[in-house]
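Okay, so subunit A shows up in both of these, paired with subunit B first and subunit C after.
Right, the complex of A and B next:
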């Protein structure tokens, strides 16, 4: 590993891992945490906490509930099921689910065209299975994933009748980014991906529909098939950079510095795509905890919803939360396009903002919410609500005016007001 | 006790706006829109509309040769002039051409076309062509062309908001400015916060007060958006309280264009509306999909005209439709078409010089299987900005296409 890399992703000093840092880590990795969980992480220290998060993510999982969901055939129930997992319900690893969501956003496939919940959930399960797998393995699985083949017309691409849809998005959106391939590479890659079909919900390559003639991709001429294409694509220097950029945007900052991304890309290459090791270094780095990266991201609807759930417990039913997330702009299994969700400021518009206010009011009015503050004296309510929902940051400017205004209200009304106001405050959206 | 109305009247709201300066949303003003104020509706045909499957070059043998399957639409097409016809779905548009209310420009695009949906869209949205950006993403720091126009109009008219996005997705890049962005909604109900009393509303408004947030910061952006949403909600209810005079298709586009017409006739006062229709990404079995998309479009345009005409406002509204690229001239192996380059744009409304503009495409002269661009899209945007919206000429853009508007 180069000296430069060590410097750019050097670890945080162990005594710098305070409550504020622990809250940042748990918000980024697990969407949010209770004050008790933050204290626990702080006590344990940074290295064991990160190790614990990664061990959890690598542990076996059980998503067999998919069978029932497929039988029910309702997208909204499948969304609710996943949203529950994303909030860590049933003790599943939030980090594994978070990575699954990252891959869903990257290899964005939509039920709107696929029209087969069984295929969509199969893809979801594959992404969960390969959440921490080497990226080339994930790319290969996605290129022959039945829902992906339907989504990008890969199942129609045959020798002599090429359809370049999947090949183009592989280079542009899934693995390399614009500027790292030519139009000719797209046409030739389409031929390398020819022959695949989906029948009986299974994908297979039919020899007679595969274009077996030589193709020239990235200046190399041979009889590329899907495996050779994945190898050639993921060994492009741009590929590690592309994946590093994605991880940095998801975990660190919506607009990460180029040299840090390059360092993370070096690490991906040096570890032969050992995502667990890379995340371990990233999540313990000084960079990850830098002041300018704290509260630098606008929470997605799923993050917002999961954060409230993890901080308050209870809350509206899963289905109601999933429907709210869809209205806020994150319709799981139905991303707006093959580019996925743009994220950050694109989450916030007039209508989606009002939807966040509505969701905040539902959380505040939910009968379960007072339980989190059952032992709190009336006079201590504002401090308790802020400590739980907006910890480790300066009290927002509006807090004093709001507190004055609470005098005329009953304890229940005051609590509802505080929770609603905090959840839909501009400050709360920044994670 | 705080009350939202008093709160606003108390001047805090206005003071907060004053800090924003002449941005997309200027201070609320009592002045109603003057009758001569013009409105531009920009309709994006998302996904790459097949230009030569819309405006058909029926007079060229090369078209039939390149499209053995898809050229069947020649049957039932609406003849326009000199070897071109409109797709059979476009009967209403054909009538608009006949009545002098519609125009199209052939082969619009830019040099070194990008065949990525997303990159090409960014180029159209910002006007930053590859020759300018040299491979960098135009979305990085680029202003949307309509956002820029909206900022200028806001400074002039002091109405608010100047631009609105009618759609369920995020506000498109074309409508973005560095600090604020055009509000986005697809239904009036989207902005109605039910079941709140005035005190509760006042408290929500309190959260959005901008005091210390740095201009350009995410916190400032969040506060601005929150405040705009609340203010627009009040104004929408007044503007949308108007019944419809036209027969609207029960489609997404129908509902959104109807809302656009309602807000225009109801006096919301915005100068720019952005909408999307699609997806036109017809890689596979294009025939029926494309015919349905165009039929929806055609019916919606007819209803839009009827609605505006009934309100006596048809002379104030110009609709411009574009797509990020046309599709490849030759059909692909799956009765569809892959990503191409130049394609036609459409103008619908008053003061267009009716008929076909620009250089008719010659299907025997292709670049990498695609139609080369013969009219720079920025010349059309410049014409819309200068000749329609009355904004000053921009030295960084090509000269406006002078013949487009009368």
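Right, the complex of A and C next:
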């Protein structure tokens, strides 16, 4: 590893991995954790904890319930099922699901146009399977994914009548970013992607519709097809930078420093897109735990909901949570556009904030919520609720004002008020 | 719930105090009561808006809670476990039973063995609610009340000072609370929000005959028809619907008024039929619940239906009623839908706001009939009596849906079949073709349409393209419609195999010979639970996943929640009959054991 990499992604000193750091790691990677889980991570240490998270993400998974969801044919149930997995229900790896969500946001495809739940769930399964795979492999799978072909008219792309949608988004939104390709590259890449159709829920390339003539992409001329196009695109220096930027925004900070992103991109190149190794280094780096990066992101509705679930257990049924997440602005399987969700500050608006408050009230009123505090005395409730939901402690003046308001309330009412107020506090929206 | 329990205890404690004080005067009180031992409805005012009477309330509760048809639905912890704060209530009942040394149900029998009556009305524009329990005898009532007061004092000793505030009105003892008045006269105990109503309900005062509920013509023409016909445990109710709608509107609630609008809603007329959609315009409704040893029956009379939409109700029996039964039958219905009159007289039958879209849809449908006009040329030749059959179907060579729903067929009787059969057939082909165009414009797969012929039979079908082996099909694969003219019938089925089955059955039925019937015209629906239960059981895993995602818990827990309903369906059959009179309609819903229904059907073949 280069000296530059060592400097910019240097590991956190082992004695610096305290409860606060463990809570930060588990919130970013698994959306949230109970105090017990935080203590367990502290006890284990940073390296074994990160290794455990990555081992879990690489372990075999079972998403066979998708067959039943296709039979049921209801998008809202599919959303509920995935939201449950994102909260770790059923013992699945939250990191794998989190990466699947990142790829769903990057290769944003919507049921609104695809209109086939089976295709949407198949794409979801592919993204889950390739969650930690080398990025070129994922790009290749997405370019010939049936729902992506329908979504971006890739199935209409024929020799002599190229459709540029998929090729343009490949460069602009999926792999390179604006400024790293020319208009001619797009036109030629569209020809390289021609011939693909969707039939019987499967994608296949029909030779007679494929443009077999030479194409010039990134100043190289040859008979590009989808595989050659993926190789050429992911070999561009901008591609690793693009992916590194995405990972940094998801795991570290919404506006990461350019040199750190470049270092992470170098690491991706150096490891030949070994995402597991890159994440391991990133999640153990001083940069990841830097003060300026703590609670620097606004939680997405899915993160918010999954965090509450992981911290409190129980909660509203998965369908109700998925519907709430949709109202808060994150409609799984139906991102607003091919750009996916804007995220961060865009999560908070006049309407979506009201929905967060309503969702907080529903969590607080859920019959399962008191179980997390069953053994806590009335007087100790504020401390117990803050310790579980806001381990970094809320602002003292806010906490004091809230505690004063609890005086006249019964234990149950006080608990509900504390949980609701904490879940919709400004601090709780930051992860 | 806690508040309710405490209020009840307080009320009963007060009553019990009265019983304690008056034990020496029981005989004279009993004599007073016997003077007013007329029917409970004589003791409610003519302006009562809702009235419920159970002549054997405790028997009804006992019969319902232990009924064999409902047994599969009984929660593990018993019915009481489903009540809010069930633990608290069970603890109170346990204390009561310990004090009494006998089951709580027997105490209930002592208190209400002579019946229960409840009335709701308006007194000076304020709601007046009155409940009266008729004890088995003054002695048994007094003993039961004493036990309740003992329990009340044990649970709430602070009630003692309240018990002293008793007022005497003749032989009636009254206790006035903030919102209610409680009274006791002999074996009758009652509670009301209006003192005068309570005194009348207890029989201590009397309304003039013309002011009694029994003098209400609507009441006597509906309630009285049902009351007295119950053999087993039961209850009767009556609602002055017309007046209740006005009262609820005065109170700012428009839900009931919306019920009255269904009759002029073409969608409701089409879906619910002329009977159910016109219930909202009845002057009053009477109900009868009868719980027999094997079955449960609910009867409803909607009386004095307004003239609105009277022309949509049947005035004659069906021309030819088929007897279509099969081993896999889920449901069979004989319905009356007079679309010809509805479209012909739409200006008077349909609400003005619904008329433009209705007419626009009619004009769109005209385009399907090759120059004929649906309202003028086609609908008048369709008999309003329609049969609907629903059956489980066997698997065929095509891709099955992941969740199998029962197939449904609609059978129309066509008066000029030679002429209109082909017209209807091509109209449905046009619908599939047009929907395919619409789907193609949205990038969706089309339905594949085919004309089939087998011997002298021909029919049209449409289906989704088969999926590759191993692919799971969605719910839409339950829809593979097929349609054909069969003699003087036109049949539209959701599945080709059901249509083919009906070909044979219809050919074997002499559909041209009208069945003479002197009975009033009636719509009928029959649902067989066991076939439904089998369908549910076969896909329990998938239904459990849906239930777990929707309602919480894991799939195993959700399956545990669904299974009681499957077991309930396994043992039950439902029969619904709607009979039409000249100005009223009667509806009967019967839940009967499935094996008895099957035996009856077998005997009827």
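Criterion: the second predicted complex is superposed on the first by the 426 of 431 C-alpha atoms of A that agree within 3 Å, B and C clash if a C-alpha of one lies under 4 Å from a C-alpha of the other, contacts with A are read in each partner's own complex, and residues count from 1 in each chain.
Going forward, contacts are C-beta pairs under 8 Å (C-beta built on N, C-alpha and C of every residue); 3 or more make two chains touch, one makes a residue touch a chain.
Remember, predicted model here, so these are calculated numbers, not experimental data.
Colleague: For the combined arrangement obtained by superposing on subunit A, do subunit B and subunit C clash, or do they fit?
Modeller: Fit: subunit B and subunit C sit side by side once superposed on subunit A.
Colleague: Is A:249 touching anything from subunit B or subunit C once the two structures are fitted on A? First, second, both or neither.
Modeller: Neither subunit B nor subunit C is touched by A:249.
Colleague: Of the two partner chains, subunit B (first) and subunit C (second), which one does A:183 touch, if any: first, second, both, or neither?
Modeller: In the superposition, A:183 contacts subunit B only.
Colleague: Per the contact definition in the header, classify A:425: touching subunit B only (first), subunit C only (second), both, or neither.
Modeller: first
Colleague: Please name the chain, subunit B or subunit C, that touches the greater number of residues in subunit A.
Modeller: Looking at subunit A, the partner in contact with more of its residues is B.
Colleague: If you stack the two complexes on chain A, which partner ends up touching A:160: first (subunit B), second (subunit C), both, or neither?
Modeller: A:160 contacts subunit B only, not subunit C.
Colleague: Applying the document's definition of touch, where does A:74 land relative to subunit B and subunit C: first, second, both, or neither?
Modeller: Only subunit C is touched by A:74; subunit B is not.
Colleague: Where does A:84 make contact in the superposed view: on subunit B (first), on subunit C (second), on both, or on neither?
Modeller: After superposition on chain A, A:84 lies in contact with subunit C alone.
Colleague: Once both structures sit on chain A, report the angle subunit B, subunit A, subunit C from C-alpha centres, rounded to the nearest 10 degrees.
Modeller: Rounded to the nearest ten degrees, it is 80.
Colleague: What is the minimum C-alpha distance, in Å, between subunit B and subunit C after the two complexes are superposed on chain A?
Modeller: 7
Colleague: Which subunit A residues come up in both lists, the one for subunit B and the one for subunit C?
Modeller: none
Colleague: Looking at the complex, which residues from subunit A come into contact with subunit C?
Modeller: So the residues of subunit A in touch with subunit C come to 65, 67-74, 77, 80-81, 84, 90, 113, 115, 117-118, 150, 200-202, 316-319.
Colleague: In the complex, go through subunit C and note every residue touching subunit A.
Modeller: Per the stated touch rule, the residues are 401-403, 442-444, 465, 467-468, 471-476, 539, 541-542, 545-546, 548-552, 554.
Colleague: Flag every residue of subunit A that touches subunit B in the complex, lowest number first.
Modeller: Residue positions touching the partner: 153, 156-158, 160-165, 168, 172-173, 178-179, 183, 186, 296, 298, 329, 336-337, 339, 342, 344-355, 357-358, 361, 396-398, 401-402, 405, 408, 417, 420-421, 424-427, 429-430.
Colleague: Under the definition above, what is the set of subunit B residues touching subunit A in their complex?
Modeller: Residue list for subunit B touching subunit A: 1-2, 114-119, 135, 137, 165, 168-171, 181, 183-186, 190-196, 199-200, 203-204, 206-209, 211-213, 218-219, 221-223, 225-226, 228-229, 232-233, 279, 281, 283-284, 332-334, 336, 338-339, 368.
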